[in-house]
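After this come two complexes, each holding chain A, first together with chain B and then together with chain C.
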Partner chain A sequence: MNKDLKKPKNRISLKGDLDGRNQYKAWLYLSPALILLLIFSFYPLINTFRMAFANGYNGLAIVGGETFDFGIENFKTVVNYVDFKLCLKNTLLLCVITVPISTVLALLIAVALNSIKPLQKIYQTIFFLPYVTNSIAIGMVFNAMFTRVGLGDLIQTQGIINNIIGIFGIGPINFVNVGSSWGANMFVVCTYIVWNAIPFKILVLLGGLQNVNKQYYEAAKIDGTSKLRTFFKITIPLVSPMLAYVIITSFIGGFKEYSSIVGIFGEGMGPGGNGQMNTIVGYVYNMLPKSNLGNASAASLILFGIILIVTAINGYVSKKKVHY
Partner chain B sequence: MNKTNDINVSSLSKAQRTSKIIRYTVIYIFLTIMAVIVIFPFYWMIISSFKTLEEYRANVPTLWPQHIVFENFSEAFSKANLWDLFLHTMYVGLISTVLSLIVTVLSAFAFARLNFKGKNVVFGLLMATMMVPGELYTITNYMTVSGRLPFLSEPVESLDFTNTFAVLIFPMLVSVFYIYLLRQTFLQIPNELYLAAKVDGTSDFKYLWKVMLPLSVSTIITITILKMMGAWNAYIWPRLVANDAAHQLITNGLRGASFTNEFGDVNYPAQMAAVTIVSIPLFLVFVFLRKYIMRGVSRSGIKG
Partner chain C sequence: MRIILQNLTKCFPSRNKKSNEIVTAVKDLSIEIPDGKLIGLLGPSGCGKSTTLYMICGLQKPTEGKIYFGDSDVTNLEPEHRGVGLVFQNYALYPHLTVKQNILFPLQNLKGAEKLSKDEMLNRAQHAADLVQIGELMDRKPNELSGGQQQRVAIARALVKTPRVLLLDEPLSNLDARLRLQTREEIKRIQRETGVTTVFVTHDQEEAMSISDMIVVMKNGVVQQVGEPQKVYDDPDNLFVAQFLGTPPINTFDGVVTGGKLYIGNDCIADVPGVEDQPVAVGIRPEGFIPADDGGLSGRLINVEVMGRDCSVVFANEKSRKPSVRAIIDSDLKIATGGDNAIRFNIKRNKVFIFNNETGERIRF
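And now, the complex of A and B:
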């Protein structure tokens, strides 16, 4: 009886307060965020599509009220542009090289870290160290490590990396100075990206490994399964959700790569500012102040498309392969 | 028979022990090599900043400065104008953090505690924007803040906000991710508390201020740190819209500063000193506030 009496009372108070008689209040709370998002996110999103499909759009209306023709001219121009092809090639290569290397290295380090007891905390701290860094600042450090100072006979230092590989009888290689090759530049950029990407991946993968039920390993031990087989048959399937997660985030990050290259080469995006390391994002930004906005929008939509495709592919592969 | 069996077992365990020792040796060697590689750029940055230019450029590199000099740091401060950059960055960072927190708290509260028509639609829309790369917004936002309105044929000069602090603060103020993060925290606070407060006649706002915020301090700290780090590391947007000396932020100033002398030589030790100075606050944040960053970032995969 008592219970029955209580119930409706509760419901009334629930209705009064959580059901939201004061609808306007919720919108009031939301309004600052929504107004800013409308101006700086939703409008830009629509506007980017509008600009990308307006042939030869320069960012302003034509005097006299004429409108730009609707069409895919901007996309055609961008895709046929030599610079853009180079940017696309650089960006794709960056992803294809750095994602597997950094993922495998991070997985090995995470498994190694997970299997030791003494010194584990110290190693962990060291490996997380590059995690909170300023990518421009550390890019400049990488530049300094690979740069040789002086020209021709006047060369005084080849840079610490050349000194180190010199011990093994390699080099000296012109990595980043004026006249350095595209391949050498790519090596430096990839090295930096891998170095920069590893901490986050170790963090996620180690978290995954530590949550794996120890019973699986004990069962494998009793069965006399080899360590290698345990690694491929137990460890990898069990951390596969984390693996999928770090792979997709680093692919997306790789396609948006820009500031690490600015860190190494400056805004010229290449040795001596020749732009040979430019990326898709760099291409978009280089166009911005020059009011070639139709092309810039088309390029950014291409980037968006690539990211969506990668996400979709990953989602599809994950569904088939990832063991949850 | 029994004896041979015993021998077999003990020799097996001995072999196992040796293989175990070998395995651990390999693991430690691997970890040490990787650790050295990971730490080397930091090491090189710091020791270079204490070297003289002559020593830095020596044919045979030194792994420890022979004469420790501090001039590079004063040179860094004057050449890169670091102090001004620091003040600009702090100003932008603090104001955007405070404003961003206000906006985030209000919307997270609405999403977590209030019921209204269209709540799920609006929330879904906001979540969807997290998929969109920021580059897509930048083009239009650049036009908007520089007074180029799509329906006019001339840029409006009175609406040109480039090279102001406002343009560094407002376009980036709302982060859907922060709203999501704080909403999740708010949702963990039991509804009963809210109902009890209602019974007592507490207003929504007072409840938010007196109950929910104190219970969500750690998420608030996470957001503050990420936002401050965002200002510290921001490069692309500030470079586009406010790259003049009066508004430049620290990362832009660092990249743009010229350490080249009259002979066209780069003073690397001074440059490394500037880089070290910019990196120190991040190190400190990492050492003392790591758990707060980890909370935020491991959920999103983004850095600052």
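And now, the complex of A and C:
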């Protein structure tokens, strides 16, 4: 072969450099990130698997030198635990209810925002505000909106929401106070999650909409396409990659729901701390102070499995429906 | 469908919000487009030709003036009710739909009495696809097609609902040179087969000249000349039209008329009886030169480019407005040069145009 061709090829070959004495340099440069990842990501991950499959693993007992058998006892305990079933039900319901509602609302708002010219930037900012606000703080505000202040004859206010729906002759409903029903709690939490999830989705979808070539709409207009058909046949397919991204990430986020409930109900995860709104992540956190690391790890892995399956389904569906 | 544009004006607010200036894209444009013809709107970029096209299809509303399709006034009609098909510059094929779905799309929009059965739609789509010769590509997605094929799909989509008027926005600008030649013949053929009144926009004079039945030359939103391509080429109304049409472009000189004779420098090149004495701009088409030892126009030879059938003689003349003058002559003709590369030409009378020095208007003689 030609000498001139060979020479530069050798000089830029990565393999040649890493094989030789320069290899340590690569590892040196990578080391800060690698060390942090090893300590704070990989080790806990592996340890979670180890603890989950160690029967009856207990954080205190291990200090005493006790050893544990390999097995799936932790999983059995978790699955048969009544509280865990409630947590699983709450988590699944939250996902199934809030993801479609927030996605559809976000899409409609994004389309509306995209179609107005004056004040678009201001509205964009207003709609984006919840995203930059602390979710615990928002939760507390939601609690204040729904909560009743005072007891019995001394009730000072039923909360702003009850006051509003009272105008239409509904209520008052006990949304979040002691003795409130599971359904009422669910309503409050779902409202909160939808409200909190919309800004980011609007941002992503609006970005997608603004990237759609205007000529598709002009072509559709000339062909006399109705607004509805344009929306379903052109807009949605063309933003489908963003829709898929938004749906997948919000399902994952939904399964990890925790802080919103803490924000509204406090660490008791329910009115009066009865835990009736607890979620899987909440369950994991509950197990930790009890040194029940085995159960907590098993629950985490179950959550991991669920998210994996749902994401796989999402991926499968979007392969057919998403037009990249 | 005969199209009449009457005193059409389109103004846009200036991009610069602070100045309240108004940009006039098209100014007082009046033309009549005969039924069943292929018309080329021709001009440099920014001359308002695309704006004119968008006003015909209804995507933009004229600031002033009227548009008639046949006898009916369509000025304020929405695009979907005008019965026009538009092919966009970048085709605007829906990327998520197959070729077949793209072509079917306009048909599926039809409502009420116009609604077609499924079979009818498929028939019409297949017919349109066959017309542009993409019948075998029906199940492909647009990104699996070449530029030329996409172009055909776009034309099929525009034709499938049998529009009264077909509009093409820079139809050939996204194609490579070879495909451009092929496609422009194709557009001509499709237009002839369907007989649909077609208006297309281009900045390429060769493209417009080669396929149009009629060309409309525009500059800065104002129509310069309308007519059959050959006639406009042979008889330009002003200097701009003369310069815009023809490759290689027309050669321009500073000339002067004295006593009924046209001079370039000291060379008298033509008799122009009846023209007042004045300085003029002289345009001579490259094919208007005949090398002759006793020719009227003198020059100094720079280069001879042989191109097979013809050859192109490049020479210098101090009154030329460009550094060099280009003459296209038969390659059989011998070019004799005197000392110091001196060269002389006779000028064909019908290839010389003179223009008013200030206005650029043609002075006929």
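Note that the second predicted complex is superposed on the first by the 295 of 324 C-alpha atoms of A that agree within 3 Å, B and C clash if a C-alpha of one lies under 4 Å from a C-alpha of the other, contacts with A are read in each partner's own complex, and residues count from 1 in each chain.
Heads up, the rule we're going with is that a contact is a pair of C-beta atoms (placed from the backbone, for glycine too) under 8 Å apart; a residue touches a chain by one contact, two chains touch by 3 or more.
Because the structure is a prediction, the values reported are computed rather than measured.
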Overlay on chain A: chain C relative to chain B, clash or fit: fit
Chain B versus chain C as contact partner of A:Val204, first or second or both or neither: first
Partner with the higher number of touched chain A residues, chain C or chain B: B
Chain B versus chain C as contact partner of A:Cys190, first or second or both or neither: neither
Touched partner set for A:Asp223, first chain B, second chain C, both or neither: second
Touching partner for A:Thr157 - first (chain B), second (chain C), both, neither: first
First (chain B), second (chain C), both or neither touched by A:Val262: first
Chain B versus chain C as contact partner of A:Met140, first or second or both or neither: first
Touching partner for A:Ile234 - first (chain B), second (chain C), both, neither: second
Per-pair minimum CA distance [chain C against chain B, superposed on A] in Å: 6
On chain A, positions contacted by chain B and by chain C: none
Contact set on chain C toward chain A in their complex: 57-59, 78-81, 84-86, 88, 90, 92, 94-96, 105-106, 108-110, 161
Touch list for chain A against partner chain B, complex: 13-14, 16-20, 23, 25-27, 29-30, 32-34, 36-37, 39-45, 47-48, 50-51, 59-63, 105, 108-109, 112-113, 115-116, 119, 123, 126-138, 140-142, 144-145, 147, 149-150, 156-157, 160, 163, 195, 198-200, 203-204, 207, 227, 245-246, 249, 252-253, 256, 258-259, 262-263, 266-267, 281, 284-285, 288-289, 293, 296-297, 300-301, 303-304, 307-308, 311
Chain A-touching residues of chain B, taken from the complex the two chains share: 23-24, 27-28, 30-31, 34-35, 37-39, 41-42, 44-45, 48, 56-61, 102-104, 106-107, 109-111, 113-117, 119, 122, 126, 129, 131-133, 135-144, 148, 150-155, 170-174, 176, 179, 191, 194-195, 198-199, 204, 229, 232-233, 235-236, 239-240, 251, 254-255, 265-266, 268, 271-272, 275, 278-279, 282-283, 285-286, 290, 293-294, 297-298, 301, 303-304
Complex interface listing, chain A residues touching chain C: 213, 215-216, 218-226, 229, 233-234, 237-238, 240, 323
